[in-house]
Amino acid sequence: MTALLDIEGLRVDMRGGAQILDGVSITVAPGQIMGVVGESGCGKSTLLRAMLGILPRGATARGRVMFEGRDILPDQAAQARGRIGFVPQDPYLSLNPTFRAGDQIFEIMRRHATGTRADHRAKLLDLLRAVQLPDPEAALRKYPHEFSGGQRQRLLIAAALSCEPSLVVADEPTTALDVTTQREILGLLREIARARGLSMLFVTHDFGVLASLCDAVTVLYAGRVAEAGPTRAVLDAPTHPYTRLLLACHPDRAVELAGIPGTVPPATAQPSGCRFHPRCPQAQAHCADAVPPLLAITEGRSLACAHPEPALV
Amino acid sequence: MTALRHLMRDPVAAFGLLIVVFAVFVATFAQWLAPFPDDAFESNIMQRLRPPSAEFLFGTDNLGRDIFSRVILGTRSALLVALAVVLAAMLIGVPVGLIAGWRDGWLSEGLMRFTDVFLAVPQLILALALGQLLAPGIFTAMVALALTYWPFFARTVFAETRRLRGALFVDALAGIGAHPARILFLHVLPNAAPAVLVRATIGMGFTILTAAILGFLGVGATPPTPDWGLAVSEARQHLPDAWWFATFPGLAILLLVLGFNLLGDGLRDAADPRLRRSRH
Amino acid sequence: MHLLRSAFLALVMLAAQPAQAQAPRPLVWGDTLPATLDPHAIFDVPSQFVLLNVYDGLYRYQGNPPRLEPWLAESHTVSADGLTWDFTLRAGVKFHDGSAMTAEDVVYSFRRLLTMNRGPSAAFTPVLTPDRVTATGPLTVRFVLSSPYSPFLTAMPLVAIVNPRAIAPNVVNNDWGAAWLAVNSAGSGAYSVLPGNYQPRVSLDIQRFPDFFRGWAGNPRPVETVRARPVMETSTRVLALLRGEIDATDSYLPTDQVERVERNPRTRVARDESMRVFVIRMNNMRSPFNNRDARLCLTHAFNYEGFNNVILRGFVVRNGGPNPNNLWGNPPDLVPYAFDLTRARAHCDAARAAGVDLSRPLEIHVQNELEQTVQAAQMYQADLRRLGITLRIVPNTWPGITSSTTRSETTPDMWIHWVSTYFVDPENWVGQMYDSQFHGTWKASSWYSNPEVDRLLRAARTSLNREERQRLYADATRRVVADAPDIWVYNTVNLRGLSRRIEGYTFSPVGSGGEIRLMSLAE
Amino acid sequence: MLAYIARRIALALPALFGLVVLTFILSRVIPGDPAATLAGDAATPAQIADIRARYGLDRPIMEQAWVHMRQVLSGDLGNSIFSGRPVSEDIARRLPATLELTFVALLLATCLGIPLGLLAALNHNGPIDHLVRVLSVGGLAMASFWLAIMLQLQFSMEWDLLPLRGRMDVPLGLPPRVTGFLLIDSLLAGRGDMFVDAARHLVLPAVTLALPGLATIARFTRSGVLEALQKDYVLYARAAGYGRFRLATIYVLRNAITVTVTQIGLLFGALISGAVAIEAVFDWPGLGTYAVQAILSADYKALLAVTLVVGVIYAAVNVLVDVAQALIDPRVALQ
């Protein structure tokens, strides 16, 4: 089975020396839903931006992002647009308030989907029905502020699907919504992904979401992969101290990370060696000297830690 | 102080400050800087309309007065007029804004509707009408300008007061029983000060410009005052031959207004980026 | 064939279009327009353009020095007591609508003037009421004055004879058609107004009236259309002339510009000695002007030579008294005051010795839009400083000043203006300026009062004997000048910039050369 | 939307009413005697008294105020003190000249200012950006009358490239008056030569008048675009693959312009003010020269009428601007 998306050694540097991502590698198989977790500032959003070719000014990406067998990094993902659908974090802010919702989606389809305007319209109506948006016809003519948050997110999901992508990238698509709506939207995403055989890269810091949606998970810390593996396996038996702490400190899967001492280091001042060592309860002297490589530990699981939790080793 | 440091880091604003400081310097020492200080009122008809030369840097005007000296002497009146107008406008506008912003109900409504009346006509037109009706002259022009500029202060202070009234610390003060006047003058006003300062700086530039237009139209400064707008108006009779007569006073207006505008922009950014949109 | 022909015709017409645009350029008149076209509502210098071109009076001034010529009237007689004036009208005069002028029309015109009681009626209201104007025959009109008034005839040209038949349908609210006549014309003059193109103070187009009663024989190539387009700003006006945008400026061309206009091959300057006296008024009822020494001090402190010859480049003539030098009745031996600061100082010291306070700043009101008044004030200000007198310049306007001269308390300390030729008679100058019965009018705004002068002027006003009047006016003028109630500066040389296209331009102090009927345009 | 427009108009009314009251009060505090002014050069005190009675200037002040109010509401702005003619007629004749000038200037300012601001924003901190910033600050610091004179000096007096004054060459005459806008009327009359001539006459005054507006518009467009570029929806649109050009010109600009449009409303006031001085320089027969003439002849009736009319136009423009803003950004109408 060849991977649909194969990110290898992705580095993102800012002008001025800050290093946001340092050699991140993630692989997503066709039909697989991959979750990416980590605290704020770990580089989750930058990862998505690099993939989507929307890095901020002054950021440079190196490494490879293989999508459908082609490196999309050099042309800033231009070739892949349409084939990668994107669901943004905040549905309230992500639609231009001065244009009708329908027109904004048609604009995407005009550029990236085949067929005539009438085809687009028919297809979008189908999609709107698929995302269970009430009265799709009317919805096309409405302005963004005339929808509720959940409806808007449904719209954006429809938009992400509008060009028949093989991969959907979602950036914490439910955090801006209330709890009930969150659940509905997650259910919708899961259903659509299954029904259409889509792959998905799903960024979140919510383990509940992760557990209910994702097949596999990659844990990021300070711009590096800490550990990765099937969701169940990782959640049930975390090997990286960071993952353990992350899970332990908020069993209710809240957002706060009060349980881990210290904070994520700023991108301009990354510690040497293992980047987690200043906060790590297991840290030893050499942790500050050598960067632990990401190594496969069991089938489908990999880990970057010199002193992993003994349970598994 | 942080604001000042921020200001100095912005080269454009620093340039504006430089112009303004320079203008204040020139205005203060005008009598000593001007080569012919008596040309404020003396005329030398034998040397009228001489082109710029080493003796008369900017040439002479229709009454043989040194234009360079008169431009220097005019700095003082331009600054004084603008300062007086802005201060007077502040004196009316700030209390109105404070009261209207603090209180609710008919008083606030009435005050703001009253303010709107003065904003219903472009300032220059209203100043023209006022200036003419109250008998033309520099003093009436100043009164007219102050009467047309105060609403901007009222608006600014009104918005700030409303914002601060909602702020927590004001609630806390009211909670411990502080007198409203005390809250307004000791707490709300200082917090509104940056916005007022920005408005005042921009107002200086605006007033210099408007006063010049009034002078040009014959409703402002009167001869023999060395007024820039008046000079351009007098110069019109002697165009195109005496091009220097119209050119230099106009350049002086441009420079001074530029200074205040640049400074005002810088202050606005330094004081509060939120203010970026409030512009007359 | 038909089609071809019409196509050809259409082509010809299209081709002719630009040629039509180049059809003889109309005369473009750049002088100031009056506020209203109604000749009975206003009387000032600009209104003369309408009065002389669109309307006719019973008499008219022609030439320079002006001669009073019978115009719509053929002749007149006056009774021995000077009260009853009979005018015989010319026959065959047609108004613009083709109707003939009759004595009744003249009566209507005078009644309209006197009832509306505006503008030029002031010259008549002291001696004439509407009911004392009557038609004694189809072409004879009688005026019966309440008291003898010798300048009566000289004021006749002020009154336009209007056509009641044109006005009648346009009367609203008993307004004598005032609203309508303000933007239309109802005259018999050489030109008629094209009402559609009229815009107050912006544009006035007039068109030649072929049936003008004097005929057009004297002018083989008369101007067909005149577009009056006043240019507000002096320098713009001169440039517009130089560039051929207008054919004539106003008649107060700045002296600075004369050389430039003369240098341009397309333009010239018409210079004519006029009757228009530049005067600096003093409020003689107020200290320090109520002291003769103080007035003499001020009189000797004005630099006549510098103003007339340097600022105005010698384009004016020193005029030592209130009457224009070239007017009859002016004493020929009058010696003008000279600029002499030593004498001025001596007079000031004498005034101070007499207890006059000269330390108060004196206000001089200038007419803002007339730069000469400002320049004169500024120059004067500098010289007075040397005498220790502070002069404060107050910019004002004609209406602003004249509305304040109704009372001595509101009249400014000093102000500057010209006295133009409203009618050619010493009455227009010394008579109305220094007879105390005119106090409250702008002309008498120096509030001068001298019983002997009053007596002489009143005698002159009622006398019908020209020699006697001449003597009386000369005597009065000498006394006035000796008292120095005002500062008389110069008599104007009218300077009008003209395009060399204009031929036949003829100047008269009344109307300042604005009679179009005498002009023609070179090819 | 209709409700919004109605509400917006209702909001403007009290200020206009206040303006009517204000102008009346002003007309009563003038120092000169209007009757004396009206009576003219050679008036006698009796003539003045007569006029005072005829114009009701001798009635009680409240009665005069009531009459004034009723007249203004019925569109009667009174008679000019100077010419005795109805002021509203004079203004109606002159208004189109000013509006034509103002509209052309506004058009110039908008058509150049928005692209300039956009270019500057896209070239943030680059040379174009600096140029536009200097231009926008300098343009606001320049005295309009001075710029007008300088341009006139250079382009008309020295180089003789453009007309010195007025709206049209006098010998050309005028096209039949339909709208009062010479550009339109000359086209309606099928006179290309007149159109060209009117356009040539417009160049200098319109450019002068447009400059401060251009500066303001460029400046606000620039900051609006810069701000919009930071918005999530722009990021989203980029991620979703909008075209770069389309994103910059239409998508972002539309949001940026809501701020700019508000400025255009305020600008209109500045334009009308600027027009007063500029008309005086170019001898433009509009409301501005009318106001200046009214000042010179102390015609307070005319001056106050101009103030009122400008106030009404100003209010109308601001209502229009708000409506335009609501059309661009539908959320505005909800606030």
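The first chain written gets the first letter, and so on, giving A, B, C and D; residue counts start at 1 in each chain.
Operating definition for what follows: a residue touches a chain if its C-beta (ideal position, glycine included) is under 8 Å from a C-beta of that chain, and two chains touch if they have at least 3 such contacts.
Please read all numbers here as calculations on a predicted model, not as lab measurements.
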(message) Just to be sure I understand: going only through chains that touch, what's the smallest number of steps from subunit A to subunit B?
(response) 2
(request) Please state whether C-D or A-D has more C-beta contact pairs across its interface. (result) C-D
(request) Could you say which chain's mean Cα position falls nearest to the mean Cα position of the entire protein shown? (result) D
(request) Could you please state the distance in Å, as a whole number, between where the Cα atoms of subunit C are centred and where those of subunit D are centred? (result) 38
(message) As a quick test, compute the distance in whole Å between the mean CA positions of subunit A and subunit D.
(response) 54
(message) Rounded to a whole Å, what is the gap between the Cα centroids of subunit A and subunit C?
(response) 91
(request) List the centre-to-centre spacing of subunit B and subunit C in whole Å, with centres computed as mean CA coordinates. (result) 44
(request) Would you please write down the residue numbers of subunit A that are in contact with two or more other chains? (result) none
(request) Scan subunit B for residues touching two or more other chains and write them down. (result) 135-136, 218, 236, 239-240
(request) Specify, in ascending order, the residues of subunit D that touch 2 or more different other chains. (result) 157, 280-281, 292, 295-296, 298
(message) Can you work out from the touch definition every pair of chains that touches here?
(response) A-D, B-C, B-D, C-D
(request) Over in the complex, which subunit B residues touch subunit C? Could you list them? (result) 41-43, 45-46, 48-49, 62-63, 135-137, 218, 222-224, 234, 236-241
(message) Looking at the complex, which residues from subunit D come into contact with subunit B?
(response) 12, 14-16, 18-19, 21-23, 26-27, 29-31, 133, 137-138, 140-147, 149-150, 152-153, 157-158, 216, 223, 259, 263, 266, 269-270, 272-273, 276-277, 280-281, 291-292, 294-296, 298, 300, 303-304, 306-307, 310-311, 314-315
(request) Flag every residue of subunit A that touches subunit D in the complex, lowest number first. (result) 49, 52-54, 78, 81-82, 86, 88-90, 93-99, 104, 107-108, 111-112, 143, 145, 156, 159-160
(request) Note which residues of subunit C are touching subunit D in the complex, please. (result) 18, 21, 25-26, 28, 35-36, 38, 41-44, 117-123, 125, 178-179, 182-183, 197, 199-203, 227, 229, 231-233, 236, 239-240, 243, 245-246, 368-369, 397-400, 402-404, 406, 422, 440-443
(request) Could you pull out which subunit D residues touch subunit A in their complex? (result) 231-243, 246, 251, 254-255, 258, 328-331, 334
